[in-house]
Structure formats: C-alpha cells, structure tokens
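The structure's right below; bear with me while I get my questions together.
To keep things simple, chains are lettered A, B and C as they appear, and every chain counts its residues starting from 1.
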C-alpha cells in the first residue's frame, strides 16, 4: 500500500486537489454539508501545518536544539516565559499571562519610535513638491554637483494637485476644531471627494485580485487536472459545463418551489 | 554559570530553574491586585525601554557582529541575542489558538449531532497534518511520510486555501452588481474611478484606446489609470498614513507609559 | 415582474455561472493581446537588470496558497530574472506556507537555468515575530538566520558558498518583498529605512493603491503590481507562461463585471425616471 502511494503521489495530489476545489465550490449553489466538511478539513490542515512549521523552523532550531543537544540549560527560561501565555486560561493566574503580553506590548511600543522615523516621517518632507516649472540644472549639495530634473508645466500642475490632495484629505480627518467656514468646510468636502478616487481605485484593484485567484483555480481544473484525469482540458470543460447547468437548474427551477435561503 | 552542561547537571539546572520560577510566581500571587498591576506595568515599561534607548541614545563607530564599520551604543550588541530569544518566546504562543480550537471542536464532537463529523474531521486533519509534516522534515524521513506530506500540503491544503479565497471573486461580482449604484456624487466618483482602473489593468481595456495617437498619450486609459493612482490616490493614501502613523506613535507611548485605560490595564 | 426590476435582481447563481464562463472560455483562445508596461514595473525590471552577477538579493516571500494566483506568477518572474542575471538570492518568510511553495518554484526554475541551491540561491525558511527578528537580522545575518529550511547550518560555507561575504544588511543589494499583506511596511521600517537597502514590492492587486504612496516618497524603488504586473514583467523578460494566458480571462471577467454594474445602474435610473413620471401623472 505504502509503495503504491509513493509511486502514485502525483495522481493522488491531483485528485485530492480537484475534490477539495469542487467540494468548496459546492457552496456557490448554497450552504451544504459537503462544503462544511471541506471547510473543517481546511481549518484542521492549516492549523496542523502551522504548528508543525512553527516547531520545525522556529522552536526546534532556536530553542530545542541549543537547550537539549548543545546543553544550554538556560534556554529553559524561553519556554518558561513563553508558557506564561497559557495562564490566560486560568481565572486566578491570568495576571501572569499579562506579564508576557505586557512585555511584548512594551517592546512594540519601544519600537514605535523607529517605526515612525523610518516609515511615516520620510513621507512628510516628500509631500512638499516644487510648484514652479524650471529646466534641468545642477546645484551644489554638500560640495557635490547634484542634477535637478526638469519640471514641466504639467509636472508643476500635478505637484499642485498632489499637495492639494494631501491637504484636503488631512483636513477631512481634522477634528481638533469644528469644521465651519467656507475654506475649512470646502476643503474637507473636497478631501472626501478625492478619497473616493482612492476607494474606487482600491475597488478596481480588488476585483483584479479576486479574479486572479479564480483564474488560478480554473487553470488548475482545466489545464492541470483535466488533461491528466480525463485526457483533455475540453473534457474537463464539458464536465464543468454540466455542473454549471445543474446548478442553474437547481437554482432557477427547483428552488423556485421552495423559498430562497439568502443572497450572497 | 551559563556555560553548556551535560548529563545530571543539566537536569539539575533545568529542574532548579523550574522550581525557582514556580516559587517566585507562588509568592507573587500572594500580592494584592494593585501590586500585580504595577508588576505588569513595570515589565511593559522595561520591555519598551530597551529598544527606545537603543534608538535614541547617541551612537559611535563600533564593531557589531562581524561588521567593523557599524555604529551603535552600549545596548546595540544585545540586539542580536534579543532577535534570537524574543521570536522563540512569541512562537510559544502558537498553542493558544490550537487550545481554543480543540476546546470548541472537542465539545462539538462529543455532542454527537450532525455537526460532529465536521469536528472529528478537524481533529483528524489537524493531528494528521502536524504528525506527517514533522515526520517528513526529519533527516531520515521515510518515502511514505514525504509522499503523504506532499499529498496533504500540495494536494489538499494548497488547493483548499486557494479555492477558499477565490470564492470571494463570486461574492464581489454579485455585490458589485447589487450595491454599486450612482446615488450620490461620492458614489459616482467612486464608480467612475473603479471602471477606469479596471479598464486600465486589462488588455482589452487598453485596446479600447490604443487607436489614440501617441501625441495624445494622456488619453490612453492605462495612462489615466496611472495618473489617478500616482497623483490622487498616492497623496490621499499618504494623508491617511500620516494620521495613522502619528496615532500609532501616540497609542504606543500611552501603552508603554501605562497611561492606557481599558480591560487590559485596569483590572 | 417588470423588466427593469428583473435586470436589477438577477439570481446570484446566474451571475456565478456567467463569471465562471467568462474565466474559462478564454483559456481556449489563442489570441494574445499586448500589455503596456507600467513605470513602476519598468523601474523594478531596470533595477534587477543593472545588478551585477553575484550581487546578493533578499526575496522576502510572505504569501500562502490563498494568493497563489497573483504571488505565484510574481515569484516565478522575479526568480527567472535573478537566475538569468546569475544573481545570488535568499528567500525568507514570515508566512508558514511560503518557504514550501517557493522552494518548489526555485527548484523547478533552477533546473531550467542551471542555478544550484546553496551556491546561487538559498531558502532560509519560516520565522516568526518579524519586527524583533529583523531588528537583529540587519546587524548580523548568519547569527540570526542560523539554519536553512532544511535545518542545516548556514555558516557552513562549504555547503552554502552563497553565504560567503554576507554579514549585515549592507551586503544586500536589493530587497524584494512578495506579499499579500502590509508586511512590506515592516521591511521598510526595519531594513530598507534603517539600513538604506533599496527595496521593491510585488504586492497583490488589492495592495497596489497604497504602495504608490511609498513609491512617490522614494522609500520603495519599484513595484510589480499584482497579476497585471507579472504579465508586464513577463513581456519584458520575453517569457510566455500561463500569466499571458490568464490575461484574456482577466479581461473577459472584468468586462462582464463592468457590464453588470452598468446594467444595474441603467436599470435603476430608468426605473427611477419611470416612477417619477408615474408619480407626476398621478
């Protein structure tokens, strides 16, 4: 048996993959038992994998090996301190869990300065852009000749739009004083409109992100699984078509007789 | 004292450490609630102090690791040991989620109703995956454990993960069709931008404006998309990011100094 | 039911079937439409093109099978380019699935381009607690990395000659983060920003709009934006993998979604006008 599995690993992989894919897609018709079973299998497999990988790549080389194989006994304090987390399950001892949680919160807070200095801070000066068009020229910076790129009229206009957008969106989130007066209110309103461009862009990009995942799945069924299991992608496409037809029949004919369970 | 030891001495040190910490915790447990709170606040402050001081204190040229050209202060040499120890401590927390899941599904499996089979499937797949993956990663792993590891990871887990997230494509299509209505100025701007961005990122969309001569390049849909992303979206995102950055710094300071109120700090 | 109402309330299963058809049917098309390369992708390509052979690149791989549709082709395109340029590269992950997924890609492409594990590339595996880890990593890479994904000592230069001369973050000529999350910000904060390492990002499409902020400020030097970015990169590399095939499916599915949005809106506006007229007449 074990030899058979080893020899046919790729075949098993493909069939298991196709079953898992179609099992989860059964949800598209409606919530059902098959979907729930595969959903729980997914939860179990990902949890098991996470635990195993955490042991194999982190705890084994960084804690177990130095402590057990190299004899560094003081590494026991790593697991003692780490075990404090588990006091969270005890009502009486939950304060012990707060020691380790508090320690890591403190560590994160202490790093917040570096985080701000390297991430947010450089964005502030780069928000101030030149607004007057000029040809390319060189200037001396710290004794070195530095090239300043040409700024065209359209470039200057774009820089202006950039700065106005930063200002207006910040204005929209400014609640330190009441937003009244034409300038404050107007710029906050413009800020809200400008944010809509961002949200629209995020929506458009999200569509691509989700479709890419669906395309990858269909590619697996049609071009990886289909040719090996049924001889061709066309054959698999025909099977998929039959499945789609069945879903449409169940949805439009059979379900019309019973009330719908809910819209996605 | 911290030198590696072997045999009985190793067991003695490890056991001694465990007893010492247990005794210390037992003594500390006798303290009043207020004192315990101060202990937690002190540990929080000390945890942050190391990285804050290391960042703020003046630096001077010094040897760090094997790098002779590095800059640092007296705390800098401790950064590498901290980078080895802290992730190992964090990794210990992996069991928290697992215990929660086991508690939940243990109860469900024992109920013996229609859902029990799902919880049993969870246990079997979780324990099976962990055992097979650890076995397949050992230096003398058997061909069977390697094959099973491949089937479970590449066959099952990968495909389940990819499919689960791909289902969102269907929902987002349905939601866009049902909810995306031009009912206000904001919704109209959002919709128009979304359509331009969508057209600009696909080949057919780019083909629609491909006939426009290069002189009017700015009218090509992909150029308009790029303009929106770089000249409107980037500054709007930046304004939000700057606000978030300042806010995070303020929250970080409050937590570090124990000023934050709420269920975590007050009880 | 009135036709305008029907157009606004099509059963969701009908939409699902149409979406599935719009994705699967184009697989059988042989037409390949050209894709214009965006400046962000071109910048990343140029940066790698200007690397010298043997320059060391860190591929920060932080994706799982859940985003394989985008991050997979991105990883393939980048590894292909690095192998062609004969650059050395290491893979490091803060996502547990990533080392296994990327190991398979690197092994497959390695056979094609004669790139050897341990000599030309290395997989450092999975780590946790990114911030604390990276803080030490930039100072002393071998002391913090310690082992590969096979639990072998990285300081063994006979086995891993790729590690020769790799001590600190200053030895990294380019850092590329392939991720569906904002882990790239952690790399900006603790590696690129702290040690002035040039950094590029290959995010999923959903992350693309926010990365433009970092591109403008110069904190990131280039980007491969999602699946379209992988397609653009392939056209620059001159390779023709399944990404090119995916472009047709993406196009048809996008057009379908746009049509549905327009249809729903037109039906709503017409119905509203009709109702207003009926109200006026009453």
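Just a few scattered comments:
Going forward, contacts are C-beta pairs under 8 Å (C-beta built on N, C-alpha and C of every residue); 3 or more make two chains touch, one makes a residue touch a chain.
Because the structure is a prediction, the values reported are computed rather than measured.
Across all inter-chain contacts, the pair with the most C-beta pairs is A-B. Distance from each chain's C-alpha mean to the overall C-alpha mean is smallest for A. The mean-CA centres of chain B and chain C are about 18 angstrom from one another, to the nearest whole unit. Remark: chain A and chain B have CA centroids separated by 10 Å (rounded to whole angstrom). With each centre defined as the average position of its C-alpha atoms, the distance from chain A to chain C rounds to 11 Å. Looking at chain B, residues 51, 84, 86-87, 90-91, 137, 153-154, 157-159, 161-162, 164-166, 169-170, 174, 176, 178, 191, 195, 198, 201, 229, 233-235, 237-238, 241 sit in touch with two or more other chains.
Counting partner chains per residue, chain A shows two or more touched chains at residues 28, 49-50, 53-54, 56, 58, 62, 107-108, 111, 114-115, 117, 119, 123, 162, 198, 201, 205-208, 210-211, 213-214, 216-217, 263-264. The residues of chain C that reach two or more other chains are 12, 16, 19, 66-69, 97, 127-128, 132, 135, 146, 151, 205, 208-210, 213, 216-217, 226, 228, 250, 253-254, 257, listed in rising order. Interface of chain A with chain C (complex): residues 28-29, 49-50, 53-54, 56-58, 60-62, 107-108, 111, 114-115, 117-119, 122-123, 126, 162, 198, 201-202, 205-219, 222-223, 233-234, 237, 240, 244, 247-248, 251-252, 263-264. Of all residues in chain C, only 11-14, 16-17, 19-21, 23-24, 27-28, 66-70, 72, 96-97, 99, 125-128, 131-132, 135, 146-147, 149, 151, 185, 188-190, 192-194, 204-210, 213, 216-219, 226-228, 242, 245-246, 249-250, 253-254, 257 touch chain A in the complex they form. Only residues 2, 5-6, 9, 12-18, 20-21, 24-25, 27-28, 33, 36-56, 58-59, 62-63, 70-74, 76-83, 85-86, 88-89, 92-93, 95-96, 98-117, 119-121, 123-124, 127, 158, 161-163, 165-170, 173, 191-201, 203-208, 210-211, 213-214, 216-217, 220, 263-264 of chain A touch chain B when the two sit together in their complex. Listing the residues of chain B that touch chain C in their complex gives 51, 64-67, 69-70, 76, 79-84, 86-87, 90-91, 137, 139, 153-154, 157-159, 161-162, 164-166, 169-170, 173-174, 176-178, 180-182, 191, 195, 198-199, 201-207, 220, 222, 226, 229-230, 233-235, 237-238, 241. Residues 8, 10, 12, 15-16, 19, 33-36, 38-39, 64-69, 97, 100-101, 104, 127-129, 132-137, 139-140, 143-144, 146, 150-151, 167-168, 170, 205, 208-210, 212-213, 215-217, 226, 228, 247-248, 250-258, 260-261, 263-265, 268-269 of chain C are the ones that touch chain B when the two sit in their complex.
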